[in-house]
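Below are two complexes that have chain A in common, paired first with chain B and then with chain C.
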Partner chain A sequence: MADCAQCGVALQGSPLICGGCGAVQPVAATDYFAVLGLERRLGLDGAAVEREFHRLSRRLHPDRFARASEAEKQNSLAATALLNDAWRTLRDPVERVEYLLKLEGYAVGEEHAGKGKSAERQPPPDLLEEVFELNMQLEELRMSQRMGETADAEVVADLAAAEKRFAAMLNDVDAALVAEGARWDGGQGRAEAAARMIELLDRRRYVRNLVRDVRQSLTVTA
Partner chain B sequence: MAYSDKVVDHYNNPRNVGTLDKSTSEVGTGLVGAPECGDVMRLQIRVNPETQVIEEAKFKTFGCGSAIASSSLATEWVKGKTVAEALEIKNTDIVKELALPPVKIHCSVLAEDAIRAAISDWKKKNGVAETEAVAAQ
Partner chain C sequence: MEYIVGIDLGTTNSLVAYMQGDEPVVIPGVDGSNLVPSIVTLDPLPTGGEEAPRPTVTVGNSARRALIATPERAIYSVKRLMGRGVEDIAEELKLFPFRLAADVQPGEVLRIQLGEMSFTPSEISAYILRQLKRNAERFLGAPVKKAVITVPAYFNDAQRQATRDAGRMAGLDVLRLVNEPTAAALAYGLDRGGESAARTVAVYDLGGGTFDVSILKLNDGIFEVVATNGDTHLGGDDIDNLLLVVALDEIRAEHGVDLRQQPDAIQALRKAVIEAKIALSTEPVAKLDIELPGGDRYQREIPREVYEQLIAPVLGRTAGPCRQALADAGMAPEEIDEVVLVGGSTRIPAVRALVDEIFHLSARGRKPHTELNPDEVVAMGAAVQASILEGSSAATDQLLLLDVTPLSLGIEALGGVVARVLQRNSTIPASATEHFTTGVDGQTNVAIHVVQGERELAKDCRSLARFDLKGIPPMPAGLPRIEVRFLIDANGILQVSAREQRSGTEAQIEVKPTYGLTDDQVEAMILDSFDNAESDFAERQLIEARLEADTILGAVARAPENAAWARLSADEHAAVFAARDHLIAVHPGSDLKAIREATTALDAATRRFAELMMDDAVSQAMRGKTMESADQTLNAGQAEIHAPHPFAPAQMEEAAVAQTTGESHD
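And now, the complex of A and B:
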């Protein structure tokens, strides 16, 4: 941990602000977990983190530095921006996993782009098949909506059933992510947990897109 | 991010959208997904059993403009080629032709994967060994 740029006391918790003299620190290279004074863990006490976010927000707020030096104003703005980014990322359990894995040097999501063939990371063929078929049905539904026709009741019923099934799949994926996250936090079999989480995140993108698109189309129909 | 003119052209006027009869032995089907974004792409080829020339190619892609353009271009390119020639199409050729930005390179990878998957499905159906085709190249 660094020392306060103003009073020289060792910084505790978030490196954005000095617990001793209250000076906002110049933003240095750090990570979102450190910004919120957290260990790099996937399991978080959401309410406690939120309280810490609000506490830091208030103390770093640019309004408090309206009459401070130019440097302090700049520090306050930069620290507030960083704090907001950190909170937005870590509050979401899925983004938290992606962020932590990247931080630990794993290639996640778009990071794969162009490297390694996606063939090595293909989802199970039956999932792909189902995603494709549902997209075909969705397209049919959208087409009839555009033509101002009443949607085929059978198609709508199929899609409503699919929405339920895929929403449940999304829940399963998220539950599995939490379980693997706990394994990661436990420190045993981290490489395995990471590989499994990357796989789950890949799978999640298909399912998420589909749930989103189906919901959107069904809302238009309703 | 702005799409290149070529991407826009393929997106607005996609070539060879459609379906071929999956059950025919002359047709190979490749269904692949891009885990980076959740896009899915199906590419089908109809191969002349005598000449091994790809006489027809169709695609259907659910995804972004770059994924649609990449698969549209892929169907244009494989048509008229032999199976062995089609396997030589590289995703980097697609990137160059469509001027894809780095974040969209995975769309071209997906199109290359789709070509390979379709050819490999056709080979499996027709009992052509993978190694045989490599030797023929």
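And now, the complex of A and C:
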């Protein structure tokens, strides 16, 4: 842990502020978990972290430094931005997983699929057949929309059913992510858990886009 | 004592407030009114003299009459033009008598022609701000140099910058831009400081020209905005324009008179429909009765049902943003504990009904908050925020505002699609980092286009700025790694910095704001150094008080030339003369208070005269124009008013026929 830039006392908890003299620290290389005084774990007590976020906000926010020196203002702005970035990222369970994996050196999303051939566009193997079918139906629906015709009721019904199925699949993915996250936090078989989470994140992105596309097409029809 | 004031720079009215102890208080103007109409007119330029004329302007209530008498020298609703380019105001030009300066080029900051001179929207706003600053200085008896200014939550970066520039031009250090709905929540929150249990509040803010909705969580003094949405071109103005267009269409259809090319007649008619609109918030029916050129009268009853049917499409445009804000917050209407109504337009019963429906209020046995004056609550909240920044009041010591950025920030990527850098509703300050590289060997520049908005394609979003990253060391294509950091500060304004990581060189950034003024331009537009000279505040106050006295004495000296003067009673004449003589007597002295009081007294004594002159101006404008003033018509086409909705007049006519059949037009 670093020392306070002002009074030299060793910093405890968040590295953004000195617990001793209260000085806002110049922002140094740090990670979002540290910013909120957290260990690098995927399971977190949302309410407790929110309380910490509010507590730190009260101390760091630029509103508290309106009459301070230019340097203090800049520190406050940078520290508050970092605090907000940290809370925005970590409060979301999916973003939290992505962030932690990247922090631990894993390639996630575009980084491992390669730019342009993002995993978002490549269906997971077990969904290939179903997605092919779904895309045909979507195309049919869009065609009839373009022609100004009434959409085939059967196609609409099939798509609505598919939407439900894929939305449920999203929930399954999220549940699986939580389970793998717990395994990661347990410390046993981390590499395996990480590989599985990366796969789940890809699957999640893909399915989420599918659900969005189907929803959009169905709203236009309705 | 140094004061930080809170300013609501509104489309229709502007206000200034400050914290008096633990209470926010709105500061009245010299005429005793808390609202300063956001109207600016250019005074006649002094003749003679070799130097370029130094323009003087009139702001507020005193500018109202000039709006009708000399519309080509007046402007209102300038807030609609803040931070916008020539390209994107075509719609406004159809509906508002804004006259662009003839030499404005696309890509330049707009300039508005007032009489012989042209002004940027920020300069016009600066005149309004300077008036508020002077009102505050007069009231507080001390210089005012720092302010918190409110902006619509849905204002983009350019609109915020233009507002901040206006503050600087007016000689104000703008400590913070605060979002209007958030300010309103602060004013209410302070009012009910006793409660500490967490609750969720929606603020519905329909003002003169802008609409915002914000959803906040209030928890132990922290006001945390969860989601915000809105439309920066939707408000009471749109209702006025709708009524105006209907009236113009009817006058043409029924009386064969086309008033569209007569700006003064349009302003007079506009005044009449606004009065009708206001009446319809409390009365079941409003009447228009206007004398037309040629002696005909346009007489018309507007029943509330017809009015509500007519404005429903305008009000309906507020529903989408409300639902989107709820969706973004991940909340159902039932999860909103309280709804706060802000802005003059929320006095309209149909607006209240719509809000009730959107948030399921009466179904849950709830009512929206309307305890604080909807015209004043934003300024009061700005004063509360000023006090928070000041850190001097125990009442605001525990309060903290955590606001969000209303629009997503993105960069134009290959194919013109937007790569999102920061999502909307991110708590500010917020930052994000992106990496860029080169596409050609030895390339030393990279151009970056930053946009704001929710659409997929950059061309459909708001262009914020184009950045040129320069001074990249020549390297093979794809090797440089340029880190660009985007930071949205607590005002919602973007800052950018960049660094080439392989060589460690700080890349230079040349910022070309798409719709903004450069620092130098702002500097050149600072209204006058006299205002900023703090050396002798007392002397300045005295000079200003005498100038005010001169203005009203001049008006009284010219009064007998006006036909309205003869309509005053002998007693009224005597009262005016007595007040005038008293002012003349105290004028040369250095008793500031005495001069001001005498000025206020003379203003009060001439109030009825001013009203009569206003009435005359209205009827003169309507009765038609002399040959001479035909020159003053707005440049045709550009300023022509069209129905804002193609179906609106027809709908009104249909309804009107149904409603007026059988009524006599006496």
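We take it that the second predicted complex is superposed on the first by the 209 of 222 C-alpha atoms of A that agree within 3 Å, B and C clash if a C-alpha of one lies under 4 Å from a C-alpha of the other, contacts with A are read in each partner's own complex, and residues count from 1 in each chain.
Operating definition for what follows: contacts are C-beta pairs under 8 Å (C-beta built on N, C-alpha and C of every residue); 3 or more make two chains touch, one makes a residue touch a chain.
Predicted model only: the values in this text are computed from it and were never measured.
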Which superposed partner A:His54 touches (first chain B, second chain C, both, neither): second
Partner chain in contact with A:Pro62 - chain B first, chain C second, else both or neither: second
Partner chain in contact with A:Leu77 - chain B first, chain C second, else both or neither: second
First, second, both or neither for A:Gly109, with chain B first and chain C second: first
Touching partner for A:Gln122 - first (chain B), second (chain C), both, neither: first
Touching partner for A:Arg88 - first (chain B), second (chain C), both, neither: second
First (chain B), second (chain C), both or neither touched by A:Tyr206: first
Between chain B and chain C, more extensive residue contact with chain A: B
Shared chain A contacts, counted only where both chain B and chain C touch the same residue: none
Contact footprint of chain C on chain A as seen in their complex: 54, 57-58, 61-64, 66-67, 77-78, 80-82, 84-85, 87-88
Chain C residues touching chain A - in the complex, by the definition given at the top: 175-176, 219-220, 222, 385, 388-391, 400-402, 426-432, 487-490
Residues of chain A defined as touching chain B within the complex: 109-110, 112-114, 117-119, 121-123, 125, 128-129, 131-132, 135-136, 139, 202-203, 205-210
Residue ranges of chain B in contact with chain A within the complex: 31-38, 40, 42, 60, 62, 102-106, 109-110, 112-113, 116-117
